[in-house]
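Okay, so chain A shows up in both of these, paired with chain B first and chain C after.
Here is the complex of A and B:
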């Protein structure tokens, strides 16, 4: 299988070439186009119960699509948001993704739901997070550019900018400064992440766009 | 006529250089800047063509404007910059006595030798293709420019090819498409979020867009405050 992320960072999409026997799993409605030798089958996103949990709490869809081919073919996978995509490869380890960030993975990757805690909820990041584990590549997307940072100690991330992180990272909600500057600096609540581990962030947030638009609608 | 497409694919701008006497027909509102020696004529028909009212109305149904702007260079070495309203891509497709079927709202500009007309593709396609009721039919000889929200990629179809609804930009007339299901089972196709797709057949060039405004709108819309 060959997969390349094209048109980063504003309109990223994945161009996939499948050889006979290869397959790729993608989020519902992520397929933009495909050659006729690709077959699509729909299945529960994990098991029945975990699919429902992920739908209700994780912001993911109930179903995923698996694309296979007998003779070889190509397809294009995209996301609804105009933005960036990135890829990491799992080697028996686990990663957490924020609701809605998951796009596609190799079929050997397991999708699950993890409890993120109340700190995550208050920080605007949701009560649950998507847990990807196993072996294989995972593609994920965001609104805005994606950048990563290896955290040793503690780091502060603004609400809505966290995309994914290692399980060794712990989240804590906090204020960006004192009470006055937290309210008037425009930062408000922030997420304090504690390492060591890797964190993926996005350069823009859809909540920020919505707030900007709302302030201009009369 | 010389052209240059810059800042692809998100903030694309099209620059066209015109010699004295040359014209370019553009979508209303697409002009960003131009030389002072250009004149603009706004009509509902092809430059120097006949008809008008019906063609303008049909074009409106296809998601384009009732009017067309014809820019003509009165002096030598004139230039014009064009850009679509939304973020997105612009591509160039020259026509040589051929026809390109374009999704409503994706037509940006063309040589006055190209006729820009709306064409009805049938009820099934109108309802299920995720595109407008009418399509824009560009036929003739000359330069043609298309735009979209999202990056545009090109597919050379030889046989069959499937495109999800809402991702078609344009296709050569040598291609035909039918509405079909994405997977083997109809229920699966709907549950999988793909629903109905457009299945192309034939030989020719197909342009698709990586993103589309309705999908983005579905994510952003619920976060907006009602007016």
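Here is the complex of A and C:
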């Protein structure tokens, strides 16, 4: 299987070339086009109960689609948001993705839902996070550009900009500054992450866009 | 080959090191007598001697143990719950103090985190409760600053849309008598210039009620059961006090949703009016709070006293009725709970008032009013009898006609 992320960074999509016998799992509604000889099968996103949990708390869809081919073919996988996509490869390790970030993975990757804690909730990052583990490639997307950072000590990320992180990263919610500057700087609450480990971030936040739009609606 | 590993179990974890591709790799971790060994999936091996290992605890779960060399160029990490104990055993206690320190820090941090969570949750709950009751109480206070025209609108709309099914008594003498009772008390009402509107409804219910704005309804049952105009004046004064104390509006605010509460605080009374009219339509079924009843009793007694009418006149009505039928309480009392307590409070209040000679409604012939109501009933009954007889006669005539037609046809 060959996969290439095209039209980076604004309107990224994955162009996948499947060899005979290959398969790829993608989020429901992620397929934009595909060869006619690729077969698509839909299944619960990791079992009935966990699919419901993932839908309710993880921002993922109830179903995932598995694309397989006996003769080979290609397909294009995309995401709803205008923004970049990236890929990491698991070698038995685990990664956490924020709700909605997951797009596709190889069938050897396990999808699960992990408790993120109240700090994550208060920090605007949700009560749960998607846990990807096993071996294989995972593709994920973001709103705006994606940038990563290897951090060792504490690092501050504004609400809504976190996309994915290593399990070795700890999350704490905190104020961006003092009480006055936290409330009047527009930064409010932030997520303080502590390494060692890698974090993936997005250059735009949907919450920021929604607030900007709402402010101009009236 | 001699296996130096002192712990049976291998641990799954990883290594952070800049020399690795991507700076990190998953690894299999073993513990021997002198060091921690991590073999990555790529086949690289990293060794940290216990003596030069610094420990940290953290990660997403808070349970991940990081073993680092002094210059932090190599970090071996593991999240397995058994790893700290295995590390302590394998190092023959060399790392015990370090492990106790990081676990102690972790527990302290966890306690602090939970402490902050509970403080935050408590503050949020208190703010919510405080906000809810603050708005409710604020709205209740704001009601008294609203113009009396709001009461009048609620009263007028409620009365006009009420479907009580009772016939209004149009005998001018009966209506005039009740109006005279109201007029005598009117100058002493707490809010001046209230335009009291009185109507008498034909019903055996021994009741009277007032809608906001001064819309007073008296049922003929109350008049029939009373011995004097003063007794009815006692009930009417109580109802007038509900009007002037604006209990109807207060009751509406008690039922307000939070949104309407905020609206009232902001000066928008449209929601209040709608709810007021709706509640007003069920005025006879709704009861005021005990506090409001007591307040209306005392205010009514004050008005009676000022108008030179015995403030305990209503008490005699209650007592007469209770003596006649100790269990069957009249409707007016059954919707006004704690009757004996209220009678006692009224008597106590009357004792505090300076003694004076009370007047009576000399201009009202109460016996005549009562007989007129009975007369009305007899008249109605006569009318019904006459109409029944006429119907019967009509039917007989129709039958005769049909018989005649049949005879002609044959």
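Basically, the second predicted complex is superposed on the first by the 218 of 218 C-alpha atoms of A that agree within 3 Å, B and C clash if a C-alpha of one lies under 4 Å from a C-alpha of the other, contacts with A are read in each partner's own complex, and residues count from 1 in each chain.
Please note the rule applied: a contact is a pair of C-beta atoms (placed from the backbone, for glycine too) under 8 Å apart; a residue touches a chain by one contact, two chains touch by 3 or more.
These numbers were taken from a predicted model, which means no experiment stands behind them.
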First (chain B), second (chain C), both or neither touched by A:214: first
Touched partner set for A:96, first chain B, second chain C, both or neither: second
Partner chain in contact with A:118 - chain B first, chain C second, else both or neither: second
Touched partner set for A:171, first chain B, second chain C, both or neither: second
Chain B versus chain C as contact partner of A:35, first or second or both or neither: first
In the superposition, chain B vs chain C on chain A residues touched: B
Chain B-touching residues of chain A, taken from the complex the two chains share: 6-7, 10-11, 13, 15, 27-36, 38-42, 61-65, 76, 78-82, 206-207, 209-210, 213-214, 217-218
Chain C residues touching chain A - in the complex, by the definition given at the top: 12, 14, 16, 22-26, 41-42, 58-62, 64, 66, 72, 75, 77, 79, 113, 117, 120
Residues of chain A that touch chain C when the two form their complex: 91-93, 96, 114, 116, 118-119, 122, 150, 152, 165-171, 194, 196-198
Contact footprint of chain A on chain B as seen in their complex: 9-11, 87-89, 149-151, 153, 155, 159-164, 167, 182-185, 188-189, 191-194, 199, 208-211, 215-216, 218-220, 223-225, 227
